[in-house]
Amino acid sequence: MTDQKPDRTLDTDFFRRWLTAATAMVEREAGRLTELDSAIGDADHGSNLQRGFRSVMTELGKESPAGPGAVLVMAGRQLISTVGGASGPLYGTLLRRTGKALGDTPEVTYEQFTEALRAGVAAVAQLGGAKAGDKTMIDALEPAAEALGTSFRAAAEAAEKGALATVPLQARKGRASYLGERSIGHQDPGATSSALLIAALADTAEATP
Amino acid sequence: MTDQKPDRTLDTDFFRRWLTAATAMVEREAGRLTELDSAIGDADHGSNLQRGFRSVMTELGKESPAGPGAVLVMAGRQLISTVGGASGPLYGTLLRRTGKALGDTPEVTYEQFTEALRAGVAAVAQLGGAKAGDKTMIDALEPAAEALGTSFRAAAEAAEKGALATVPLQARKGRASYLGERSIGHQDPGATSSALLIAALADTAEATP
Amino acid sequence: MKMLINVPETVVADALRGMAAAHPELSVDVANRVVVRGDAPVAGKVGVVSGGGSGHEPLHGGFVGPGMLSAACPGEVFTSPVPDQMVRAAAAVDSGAGVLFVVKNYTGDVLNFDMAAELAEDEGIQVAKVLVNDDVAVTDSLYTAGRRGTGATLFVEKLAGAAAEEGAPLERVEAIARRVNDRSRSFGVALSAVTTPAKGSPTFDLPEGELELGIGIHGEPGRERRAMMTSREIADFAVHTVVEDLRPSSPVIVLVNGMGGTPLLELYGFNAEVQRVLTERGVPVARTLVGNYVTSLDMAGCSVTLCQVDEELLRLWDAPVQTAALRWGR
Amino acid sequence: MKMLINVPETVVADALRGMAAAHPELSVDVANRVVVRGDAPVAGKVGVVSGGGSGHEPLHGGFVGPGMLSAACPGEVFTSPVPDQMVRAAAAVDSGAGVLFVVKNYTGDVLNFDMAAELAEDEGIQVAKVLVNDDVAVTDSLYTAGRRGTGATLFVEKLAGAAAEEGAPLERVEAIARRVNDRSRSFGVALSAVTTPAKGSPTFDLPEGELELGIGIHGEPGRERRAMMTSREIADFAVHTVVEDLRPSSPVIVLVNGMGGTPLLELYGFNAEVQRVLTERGVPVARTLVGNYVTSLDMAGCSVTLCQVDEELLRLWDAPVQTAALRWGR
């Protein structure tokens, strides 16, 4: 495990490997995500993401998008076209808008990526209208984008902490909000999957010399 | 408990009390009858007889049929009009035909009743087409009618023995026949309720000076 | 087991009251338990009357109306109705042209309809009867009560009803009904047992990994229990069994019927497999109906019924029908 | 939990193949998951398109046909469809008169239909949207995603579809749809949880003696859990809640809807209680529909939807409709 060198550059391959690691993470944790979603939602979050990331993998095998931005835009589009539900457009927008913000250079700096991810997260917040504390993926994504100012691992830890912190919250957005007070005491599935995505990011960074 | 005096006479009240005792027996054992029917039938035999005998009681409270024959004919009609299923026409026919055979005298002898019951049982066998060993109520009714030549209690014991003897049989009539070999090992609900009816008869006789 | 009921004793009467409220075009006699089409008796028309235990809805009450049944007699749950109901229904629909009783082959239904026919004839109503016995899971032999009536009941009621609506005389309506029954076969499968209001718990114990093959519609166990099968395997088994028995030489109408507890989504998926097997076996399909029509309360499972049709039967199938559960044409 | 399926992954595609086989009058694109009425686009007619997660059958695919939906887009089970489906559906039904999207108010449906509307407009299709949000169990506030769309979807699709069939322009069809939604309210109750193919076990644990009040159609727990109630008590509670919110000043159309696992016999019995409460409260009933229309797979339970109608809406309700699940008139 290497230090996370916020001064490094990130190439196309890095983003392909991030998506691959994220897919593996989703495959491993799909059951748990669906279980969390069955407590306060409709029991499909794990299979939704599984379907989406599998199709991202298929597409990555067929196409060779040139540049980090193109990889993420392609992945985002793929999620939008295959996931459905709330998480499809939201995660799709996250990747697409992050990708768009990266532009079409063959490599990006750590700072460029940090800025781009913040733009992506902002787009998710705008699309879904959720604020911090509403018990959604925003509760993991916003602290992660913030902590990315320090390092990949700091971002992963912040996301994980954010996800855990959704437990005592009452949901105000998405399906869980229908439950009112009964949503309290359960961890938000979308915040949980967001933490997995950022954990996959940190893992990828650490596996990259 | 008195001896069963096959040389006694039976009046209208005797038959009213038999039907009342039978109703009580059905009320008490309805759950078990339905349970037996659920193993090899459709789980309604207990509630079928409950509905039928309750309505016989209601009718007995309203009307005062004159004579043993009229009591049984009325009860048989009532069963036909309220039970449905296989057991409604069969038990209805048993009582109606037994009653018809009793004629319209105010009292009947033990021998007259024995003959009449045998006619009733024969009518049931003809209507349903079942023979001894087909795993139906006939397996309790026929030995009971036969043993009535001896005494009420002998009839009750023969019916009980007949009902128990249905356990190893494979059904050839009624719903249980659909099960083929899977009907083996269960006691027939109709034979069981027949044994209850005849037990109620013996109990009534023993409670009658 | 929880149910949306008040008490078991009033389930049938409550349902009839609710049906009366939803269907002003029917005349529902709640006290006497008879559902009659509102315009009965129709002058010159043969009456088509059926009935049986409740718990199979929409059968039979949902099939009362122009082009199908003239009246239906619902019994208690899974219990044949009593003769009084059938006599009343016959009297309500008879216009002098006679009445056909459509009777599913169960001891109880047969005995009660037989008694009713005698009584109705005493009242001067001409009565014909047809027995429906399409279930190939039951051996038709001296050692059984004969084959059960299941899905083919819908075909018999629809086609005989259409013939009656066209003005066919009683013998003709009866002949059609008999032809439809002769050319129809069914096979059913249960993924769960059924819970009747009176019993309140499942009629048999069906473990998670198993299913019952060859079940009827009254919560009786089937002929055989097996390890759980896929939709594909069930279709292979059921269609094979039916086709081997029917050996159709002309197109069939297919009924893919839900037992009540299986979602429509699954029934449609199952239909895809049924159609595949029929294609593989070279059986041409003229029409297909998918849905919950001849049910068994909350039981999960399905049945497949095939009816081999000729031109006349197909025309009668396509003829207009206006009932609560089956409607087309006009 | 046993299901009549092959594997969870192909459930929706299998169902669409089965639907295509049963309904030659529909054009079913299995690969792209769009169900379109066979004669689309109809010249000069506004297209009415809906969609949502699968598992609510017959909603929406069963409501495609003359007088109701022009097309439906089924998503995965309980998962909103993706924008590509809606764009494809809009393109298939647009005759130049524009398309109305009928969207149940769930975050997923709203976001996906919004994206689809943008894309469809990029392709030159005029799109209007109406949100269905009738479920009074959910507080409509800043602290929720708003009221859910449930039973009123059937009313919106039927009445907007009838208006479109009559040749009404897009703004008018949209206005009708909005009026119907504004005048409709629902309340639902679950006696059992639901089992999705992907999860394979019930979404929540509902003990024998309890029920969930205020549930939606996606297996989410309700607002409140209570000791089991009778049909009578449930009707009192549900109708009261709906009427207090709607406060109807003219006759209503009543939908007594089954969640899928509750037998029709019980639904009709429940309808009797619903009608009793409405009578007691002095709410006149213009029409009643009882059945499994907006379901939640195998869930046991029911919902009540009331739609307060004026003369125009009642005329549109009575207008002919020819779909797999709803048919009358003509």
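Letters A, B, C and D mark the chains in the order given here, with residues in each chain numbered from 1 onward.
Simple rule for what comes next: a contact is a pair of C-beta atoms (placed from the backbone, for glycine too) under 8 Å apart; a residue touches a chain by one contact, two chains touch by 3 or more.
Predicted model only: the values in this text are computed from it and were never measured.
Novice: Which chains make contact with chain A and with chain C at once?
Specialist: D
Novice: Which integer distance in Å separates the CA centroid of chain B from that of chain D?
Specialist: From the centre of chain B to the centre of chain D is 54 Å.
Novice: Using Cα averages as centroids, what's the distance between chain A and chain D in whole Å?
Specialist: Here chain A and chain D have centroids separated by 32 Å.
Novice: Nearest whole angstrom, what separates the Cα centre of chain A from the Cα centre of chain B?
Specialist: Chain A and chain B have C-alpha centres separated by 74 Å.
Novice: For chain D, which residues are shared contacts with two or more other chains?
Specialist: Each of 77 in chain D touches at least two other chains.
Novice: For chain A, jot down the residues that touch at least 2 other chains.
Specialist: Residues of chain A touching two or more partner chains: there are none.
Novice: Classify the chain contact graph as line, ring, star, complete or other.
Specialist: It is a line, because the chains touch in a row without closing up.
Novice: Chain pairs that touch, all of them, please.
Specialist: The list of touching pairs comes to A-D, B-C, C-D.
Novice: Taking the touch rule as given, give the residues of chain B at its contact with chain C in the complex, in rising order.
Specialist: On the chain B side, the touching residues are 34-35, 38-44, 46-48, 51, 80-90, 127-128, 170, 172-175, 177-180, 182.
Novice: In the complex formed with chain C, which residues of chain D make contact?
Specialist: Listed in rising order, the residues of chain D that touch chain C are 1-7, 10-12, 14-19, 21-22, 54-55, 57-58, 62, 77, 191-192, 208-209, 211, 228, 230-232, 234, 256, 260-275, 285, 288-290, 292, 295, 297-298, 300-302, 327-328, 330.
Novice: Show which residues of chain C lie in contact with chain B when the two form their complex.
Specialist: Residues of chain C touching chain B: 8, 53, 75-84, 106-108, 111-112, 115, 137-139, 142-145, 148, 196, 198-199, 203-204, 216, 218-221, 223.
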